[in-house]
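Presented sequentially are two complexes of chain A, the first with chain B as partner and the second with chain C.
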Partner chain A sequence: MISLMIAIPLLFAFVSIVFKGLAKYALPFIVLLNILILLIASTPVVENIGGWKAPFGISLVLDDASYYVVLVVNLIFLLLSLIPQIIDKGYDTIILLLLTSTNGLVLTGDLFNSFVFIEITAAAAYILAYHRNNPYGAFKYLIIGGISGSFYLLGTIFSYVGAGSLNMAHISNNSFGQLTAAIAILFILGLGVEAKLFPLAGWVPDVYASGSSLTPTILGTAITFAIMYLTGRIFITVLHGTFLDVLYILGLLTVIVGEVAALRQDKLLRALAYSSIAQAGLVVAAISLNNIDSLTGAYFHSMNDLTAKFILFPIATVVIKGFEKDRLAGFAFSVASFSLIGFPLFAGFRSKLLIISSAFSAGNYILPAVLFFASIVEAAYLLKWNIKLWFEKSDTSNNIPWNLKTIVLVLSILLLIIGIYPDLYLDASRKIAQSILDTQGYINSVLGGI
Partner chain B sequence: MRRFLSALIALGLIIILLEFLNLIPDFGNVDLSKRVSNSFINKSVDGNNETIEFKKSKDLEDGSANVVTSIVVNYRSFDTLGEVTVLFTAALGVGLILKGLRRKRFYREPNFILKTANGILLPLIFLFGAYIFIHGHLTPGGGFPGGTIIAAGILVLYLSNEKFELSHRAKILESGMGTVYVLFGLVGLILSGIFLRNFLPTGVIGELFSAGIVPLIYVAIGFKVGAELSNLISEFQKEGQQ
Partner chain C sequence: MSQLLLILFIGSFLVYLLTRMNWIIGVLANIGLAIYSFYRLFTFKVGTSESIFSLIVNQNGTLVYSELSKFFGIISLIVAISVYFFLINWLEKQKNRAVFNFFLALITASTLGVFFSGDLLTLYIFWEIMLLFSVLLVQMGKEDSKKAALNYLTISLIGSYMYLYAVFMLWNRYGTLVIKDIVQKISVETSIFKWAVLILIAAAGIAKSGIFPLHTWLRTTQGSSPDAFSAILAGQLEKLGAYMLVLTVAVFPSLKMFPVLYGGIPVFNYVLIVLGMISILIGTLMAIKQNDMKMLIAYSTVSNSGYILIGLATMDKIGFAGGLFHAFNHAIASVMIFLSFAAVIYRTKTSKIDEMGGLIWKMPLTFITYLVGIISLAGIPPMSGFISKWMIFVVLVKKGMFLTAAAAFIGSVGSFLYVFRPLAGVFLGQLKSKHKDVKEVPIFMLIPMLVLVVITVFFGVIPGPVLNMITAVEKELNIQPLEHTMTVIKSSVGQWNTLTVFTMFAVGFIIAFILYMVFPKAKRIPLTNQYTAGEFLYNYDLYHYSTRFYAFFERLYEKHPSVEKLYEMFGKFFKDIGEFLNRWFYSASPSAYLLWFSIVLLAIFWVRW
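Let's turn to the complex of A and B:
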């Protein structure tokens, strides 16, 4: 049944290039169908495509981790389908393809299949990046994304050379021997671009700050979350946590460079894009600590970040004149930025606290120090933007559509609720973390105890 | 400074990749029994260990004589569906980016040789392309190369005729054939509960009518890739207003 979550959006994407306009109306129903399938499914589900048993064919795996990640991704697409104004004509099909590939990326239990879905995601993302005439940013992304894709493919090939299989559970069960280092380096290079790690994240500001609200809203939330899941899955479940130190250092560097660069920006969208890089670095650094609390914190923080970014990016693209006439949107913007900084009583505080406490209990003092530094810098630039937008005099409102206003308001109240009562996000992220760390359980459920 | 750094990074990558090359086992020294591909070659995923004879073995788990096809369109058909989607996305992107441009015209007669040769060669090109994808489960080739050959025929048409325009039906064909591929998967899901299940009998290996849904899928891919690349060619024939 879970293959329907990939097949149905793909079917509608194919049909919608002849019946134009179909994609726009079909998107909310398709996403609702996906959520319905998720609600009636009971984990773990392993579906062998074509009926070929596990290490030989391609398996789709719906365990606790992929269940919650797919749920979050589909909820984001549901929210996006409720604000159809930001999806320009002709881009509905791209959103459907992006939904297909993100679902596939998370559900697949096969390395080469995940490469195929990364390719679809990237191709759709290049087109979105070009949106609103941003040829330079899109071209830069195309080149660096293409190269990183080939590194990912090379990593997949080396895994096949070493373990003789492409199935993630089977690879995890076999050993690579001397190839481990090569595979880990290739996967770091391959995932680093999409995961926005420091030396490879140069494309982010140009693409996110192109002036389209669609591009950063979807790439910075759903896709980032799916890639973070894949990073955890590959480096912890499949590679058993080897070479995580490299990811840790890269993650910390990303946090520092991202925050410092965000501070120096004089355009709000670019500042938010750099903040996106920094948050991604923090999540990767927390994932690389490889224990249950830090992984829970990482995914919890990633969920808080994407909730905040779903508020910040659409508002930042439409607001030019300040919040004097749009107090509700301004309220949502401020709540999201306070959550991002990590003020107490806001959602971001909970996740940052969890990451810091998990790092301390693992005897690590560098990550908390970097996190404190990052929070101070974040406070500096986000408060600066809040003050600027609240106190700017303006006579006209910004024409924010009512449905966008409602959605950002609901999300900002959600951030406040999470800040006081974090269990809603915390339970989901703890399930993701447990399931990613449970390598043996994953192998058993896919290979059936061979 | 920037150039120097870029060169340094590129050099580092080259050294790393050359270093990795040593890790790959030598040609012919691989223990195939430890790899999943061994079962693909012997068609023994479901535990059938009989020797396979060309034009004799019947009702195997996978009926295509071409081992590449049996992996690409049967054992790992889902990947091929994904690859078809990658090409679809790329073609869609070209269409979106080059939207609203006119056909480029040179306003001069194409070469006489090109025009005459085109009349003779075009049917042969199309026939060859169709042959490649119809026989994809028997001989080297398949939907992707077959479709590309057909699109090459369209390119020749564009070069030899200034007035040639690809009709809107190419888009419908592209969309329809993609839909057919997904529908084949869904029919498998309805009949046996498994997506992309080969629900037709596989027949005798090596016959034209064998391998179940594999040749049908390859025909769909052939038409889809042909229509898609033809659309791409027609998009790239356009120019901007100056």
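Let's turn to the complex of A and C:
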């Protein structure tokens, strides 16, 4: 059943090459079908492709973690499909392909398979990066993405050598001895580029800030969330938390560097791209603390971040002058930025609070300090943009389409609701965290107690 | 209490809707809410506590009503109500009235929330709500208020995040955030922990009340924010800083936590006193230099916050009471001053001292408000500002803290210099020809100003009611209560009878008045004749000396080091780093990306293999 979630979008992606324009109308229904499949599925589901038993064949795993991540990813695609204006002609196939690979990335229980899906995701992302005529940004992304992909593959090969298997659960069940270090380093380099870690991921601002509203809206939300899931899964479930300290340092560096670099930007989109980098760094750093609260906080924060970014990026590309004529869009924009900064009453506050308290309980006094520093810088530049956009004189309205306006408004109200009543996101992220930490449960459900 | 806060928060949305329909009704609704909560403050029983929503596991938010919250709540509501009255006429000239009113109502609600908070996290939440909406209000002012708002936001956030850090340190150590429980446990901690926690908590109060080294936001923020909001900022929001300082020195038992130094003052408080001293000096010296009257009073706020801090930090029965009373007086006086400035700006459209003059002829009642305000602020009897300053002086002399006392006296003398400058420049002297048609401000702007005049004079003569509240606070915080009656304050170096002093002043005034009536009337001459001795006047605008008023004095410290410039340097430094990162890591070519990639690879291999 769950393999349909990969198969159907892929099928339609092929069909849409011949029947141009079909994908645009098919996308909402495909995503709805995916969500329907998710709703009737009960976790954990393990599906072995081709009937090969777990350690030998490719298996798709739908446990609590991947369930919620896939759900979030598909909901984002659903929202995206409701604003078809921003999907230019010819890019609908890419969106379907991206949906395929992201679903596959999250669902797969096989390392090599995940490499394939990462490469498809990356390939689709290169093409998306070209959107609105941004060849140099796409080229830079292509080069560094290709290298990181080969490192990911190398990591996969090393773990095959070490554990004799490509199945994540099986690898997790075996130990590699001396190879562990090599595997972990290769995966850090492989995932770091996609997870926007400093100094591996220089591509982000150039790709996100090309002026396209499609590219950052989808890459900065759904794909980022899927990559964050994969980071947790590989480093905690499969590698049992080795080398998390390296991730921790890189994450903290990314937070500081991202925020400081955003301070100087005179372009809003570029500033938001840096903010995206910094938030990713924060999530990685929180994941690397490797306990239930910090993981919950990390995924909770990631969800808040992607909700806010889904508001900020589309508005930032559309709004040129100011909010004088688009007060509702302005309201959504402000709520999203306040949530990102972490003011009380808004969603971001709850997740930052959770991350901070978990860091303190783990005896970590550095992460909160970095987080506070980052929040101050973030507040300075985001408020600067808010004030500028609200009070700049403009006589013309920005032509924000009504469906985009509705969606950002609903999302901003969602951010307010989460700020007061966080259980909706919190439960999901706690389930993700629990299931990622529960290595034995994962192994049992995939291998069936071999 | 949670009920009152709920009413206020929901009511502020109502205020927004009403103001959208008709802004006068909106202002009236706002006044109604403030008066209602003022009434409710007296109905609550001291010591009641309620629990509200929970934010982190095993930790309910609590509200506690104490004497301290009552005292500060009353101050902030008096300020709010008088400013709201002022708005009935003033708001007409403000853009975005609905949002303005809405934010004001939210700020009052969250300010009360801060005073009611029984645990540190609830306090933080209300604090941040207040901060966010006050930033959004500040930037509704003049052109440069946008930058000022960011400045204000950054420095306030530095303070409040330091506070939050301390909150989590305490939570991690004790598993509770209720202030009452923490206070009991903390006195046996290691000294490093105690120092860290208290300095971090004090930082929020230092940033908010404008104590050195976090005072730099005050000048631009108060100078450029909307004129009526400057009054709220000085009277209501900066007193939150004073509240936080009370929390640091008195609610956390600094006497028990730290070894006692010279004069029976804990070491930690000594550090604060030094900061207060520096603030007094900086505030006074910088205020003397300002040409913008709002910025001038902004610096005087720095210096007065220094007095409040010194008074509180002495932890002496007179000093502490003096600090609290000075918080009260400064709130009232600065609101009077800022409202009279707002009235002047309402009519003349400028805040530059050297662009005005002689407004006493046109706006006599505004002048009286300003006069009484500065008399109280500078600490001249018989206004209430004198009493609190006297109490602080008494304790400094009694404890033999001569350096601090010297700073306080210099600040007091300096305050005569700087408050005289707007007096001479704006109200006295030659009326500018362009202000010939200026009228007194409308009635609803006058009412709150004159009511505040009455309050100041009244508490100057009979300080008893305020002192009663203060002694109740002192009893609650285990400080020996101040000995006083309705008009007499007793101290070990003598007592002060306000009624006698007032009678002396009154008698002097009456004698002068009788003399004025008895002697022949002076001949009325045109104003300009004073400058030219009756000669023909060629150029009207030249004869009023107000530009670089204290040039002779300013020259003494022209090349002073400036913290403001230091912070600007920091800001520029971070921006330059950002530019560097952008150029070397993010905007680089693909080959540079590869270089960084391999450097990371090698670094990890080298460190971890």
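Here is the rule we use: the second predicted complex is superposed on the first by the 450 of 450 C-alpha atoms of A that agree within 3 Å, B and C clash if a C-alpha of one lies under 4 Å from a C-alpha of the other, contacts with A are read in each partner's own complex, and residues count from 1 in each chain.
Keep in mind that, in the parts below, contacts are C-beta pairs under 8 Å (C-beta built on N, C-alpha and C of every residue); 3 or more make two chains touch, one makes a residue touch a chain.
All of these numbers come straight from a predicted model, not from anything done at the bench.
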| item | value |
| --- | --- |
| Which of chain B and chain C A:Val246 touches, first, second, both or neither | second |
| Which of chain B and chain C A:Ser165 touches, first, second, both or neither | first |
| First, second, both or neither for A:Leu383, with chain B first and chain C second | second |
| Touching partner for A:Ile185 - first (chain B), second (chain C), both, neither | both |
| Contacts of A:Ala369 with chain B and chain C, given as first, second, both or neither | second |
| Common interface residues of chain A - those touching chain B in one complex and chain C in the other | 185 |
| Chain C to chain A touching residues, read off their complex | 55-56, 124-125, 128-129, 132, 135, 139, 146, 149-150, 153-154, 157-158, 161-162, 164-165, 168-169, 171-172, 574-579, 581-582, 585-590, 592-594, 596-597, 599-601, 604-605, 608-609 |
| Chain A partner contacts - residues on chain B that touch it in the complex | 16, 20, 23-25, 34-36, 39-40, 45-46, 74-79, 81-83, 85-86, 88-90, 92-93, 96-97, 99, 171-172, 174-176, 178-179, 182-183, 185-186, 188-189, 192, 194-198 |
| Residue ranges of chain A in contact with chain C within the complex | 139-140, 143-144, 147-148, 181, 185, 188-189, 192-193, 198-200, 202-206, 243, 246, 250, 257, 260-265, 274, 338, 343-345, 350, 353-354, 356-357, 360-361, 365, 368-369, 372, 375-377, 379-380, 383-384, 387-388, 391 |
| Residue numbers on chain A that touch chain B, as the complex places them | 3-4, 7, 10-11, 13-15, 17-18, 47-53, 55-58, 90-91, 93-94, 97, 100-101, 104, 112-113, 116-117, 119-120, 123-124, 126-127, 130, 158, 160-161, 164-167, 170, 178-179, 182, 185-186 |
